[in-house]
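In what follows, structures are represented as structure tokens.
Same chain, two partners: chain A is paired with chain B first, then with chain C.
After this line comes the complex of A and B, so read on.
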């Protein structure tokens, strides 16, 4: 099973590199979507069907929107030589992040081991034991996100609402100021 | 069809398949929303599936047809209605003592593994599904299909994006 996950990760990295290096916008969008589908299969393999469903569905919608929004604006990238200073800063930053990441990976528990289950009174253990009795929901994920941790879902709904407000405000045809003057 | 008139939407094959498939897709989305507390899925996934069905209709038949069915304003109202419903459920939790309390399940616990169980979780799923479906369809409309401009009276007006791609 771990071999499958590693293969999926390699596929996702290759697709992401292809998305970065793609010559035209459309192939980049399709490669980016391949990353998302690989991620959803990885979620399914690791036993998280809730997240896998959401990932697949959102990926489809995002792919449609991105293709529809980019297919008429075909921007071809211009290959030009990178500056030396920018390259240096990039390499140094990458190295520093790599060092910190190495430290963080050392502190992680082994793959698949539960993180939040260290003590007997851990909340995850409480949810698993009392979730069905207290909320009546057979799906423990739903009972967590809509009952125990419903504040988080409220915040997510607020974020979505604000995002649409922002999209409507930005993508209007012409700014409001211009109209008042004229 | 008249030569001078531009064909709207996609070909006849796509339109026919869409006509057959739109019902089952929407039904599947509703099923995912309503059984979110029993099986994987829930409000978010079901809402996105319903939005995908409307996106399919929009792509196949053109924006005018789809906006006649679910105009942008109706989608906006459904979006707000879902948010309002969710906050109302949260505030009704004060009946049981605190914010987001599952007051229905507390008052009379229903046996699990049924559609009408789990108290407010089912209602919250419906609210989230409404909100996510309407808002994602609106994002698609805003980003890909139409532009909102103001006409001379200061009213918001929707026009379709030009096909040429010069905007």
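After this line comes the complex of A and C, so read on.
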């Protein structure tokens, strides 16, 4: 099972590199959605079917949004002559972050042994044990997002509403017309 | 191994954000980083041979407790995915607006055109 996840991750890394290095923006967008669908399959393998479904829907919407940004503009290729100083700073920064990240990966629990097994008073154990009795939902994820942590879901809806409102405010070409004095 | 590869995927996204000149490519780097972080959180809750946290009629509760994966990261990642979509819509909106104003996706060109 771990081998399958590793293969999926290698596929996603190759697709991500192809998306970033591709010359044509439209093919980059298609390659990027390969990353998203690979992610969806990985979720399905790791016992998270709800998230896999949401990821598919979100990936299709991402594709639509990115194509809307690229398809009408004919100037989709940008000359990639990078400045030397900027490239140097970027590579050094990436290297430093990579070293620190490898140290952090060493401190993680082994793959396939979640923290809720090691900690006796983990909230996840409570949700799994009492979720059906207290909320009546057979799907424990649903009982968490809609009952135990419903305020998080409310906050999510607020953030999403604000982001869409911001996008509409940015994309609207003209300012609002002033009311005529009658 | 799996955590390291997930971190490499995050680094690919970070490389895109740092070194690309095309604005849409930078947004793509952000999307890749978002994917990597979501996958990492789900991996933290994965149990070897685990089943999805959904109860059936014939399921024994003790057996279910021993085998189910962690439901809490799944619930929070569900929130995170949808917020990622909202952020993507906002950034692409900014990109389209900048294209209408300057006629290019190149950030160095836009930097030169100011003032």
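The rule is short, and it goes like this: the second predicted complex is superposed on the first by the 164 of 182 C-alpha atoms of A that agree within 3 Å, B and C clash if a C-alpha of one lies under 4 Å from a C-alpha of the other, contacts with A are read in each partner's own complex, and residues count from 1 in each chain.
Criterion: a contact is a pair of C-beta atoms (placed from the backbone, for glycine too) under 8 Å apart; a residue touches a chain by one contact, two chains touch by 3 or more.
Fair warning: this is a prediction, and the values are worked out from it, not measured in the lab.
S.K.: Consider chain A as the common anchor and indicate whether chain B and chain C clash or fit when overlaid.
M.R.: They fit side by side.
S.K.: Of the partners chain B and chain C, which touch A:43 in the superposed model: first, second, both, neither?
M.R.: second
S.K.: Residues of chain A touched by chain B versus by chain C: which partner has the larger set?
M.R.: C
S.K.: On the A-aligned overlay, A:134 touches which partner chain: chain B = first, chain C = second, or both, or neither?
M.R.: A:134 sits against chain B, while chain C stays out of touch.
S.K.: Which partner does A:150 contact after superposing on A: first (chain B), second (chain C), both, neither?
M.R.: A:150: touches chain B, not chain C.
S.K.: Could you say whether A:171 touches chain B, chain C, both of them, or neither, answering first, second, both or neither?
M.R.: both
S.K.: Thinking of the overlay built on chain A, is A:30 touched by chain B (first), by chain C (second), by both, or by neither?
M.R.: Once the two structures are laid over each other on A, A:30 reaches no partner at all.
S.K.: Which partner chains sit in contact with A:12 here, chain B, chain C, both or neither? Use first/second/both/neither.
M.R.: Second partner only, chain C.
S.K.: Who does A:63 touch here: chain B (first), chain C (second), both, or neither?
M.R.: neither
S.K.: Which value in Å is the smallest Cα separation between chain B and chain C when the structures are fitted on chain A?
M.R.: Between chain B and chain C, the minimum C-alpha distance equals 6 Å.
S.K.: Indicate the residue numbers of chain A shared between its chain B interface and its chain C interface, in ascending order.
M.R.: 49-50, 54, 58, 61, 65, 68-69, 73, 132, 138-139, 141, 145, 153, 160, 163-164, 167-168, 171, 173
S.K.: Which chain A residues qualify as touching chain B in the complex?
M.R.: Touch residues, chain A against chain B: 49-50, 52-54, 57-58, 60-61, 64-65, 68-69, 72-73, 132, 134-139, 141-143, 145-147, 150-151, 153-154, 157, 160-161, 163-164, 167-168, 171-174, 176, 179.
S.K.: Under the definition above, what is the set of chain A residues touching chain C in their complex?
M.R.: 1-2, 5-6, 9-10, 12-13, 16-17, 19-20, 25, 28-29, 32, 35-36, 39, 42-43, 46-51, 54-55, 58, 61-62, 65-66, 68-70, 73, 75-76, 78-80, 82-83, 86-87, 90, 93-94, 97-98, 101-102, 105, 108-109, 111-117, 123-125, 127-129, 131-132, 138-141, 144-145, 149, 152-153, 156, 159-160, 162-164, 166-168, 170-171, 173
S.K.: Touching chain A in the complex: which residues of chain C?
M.R.: 1-16, 18-22, 24-25, 27-29, 31-32, 35, 38-39, 42-56, 61, 64-65, 68-72, 74-79, 81-90, 92-97, 99-100, 103-106, 108
S.K.: Considering the complex alone, what residue numbers of chain B touch chain A?
M.R.: 32, 36-45, 48-49, 51-52, 55, 59, 79, 82-83, 86-87, 90, 100, 102, 105, 109-113, 117-121, 124-125, 128, 131-132, 135-136, 138-140, 142-145, 147-150, 154, 159, 163-165
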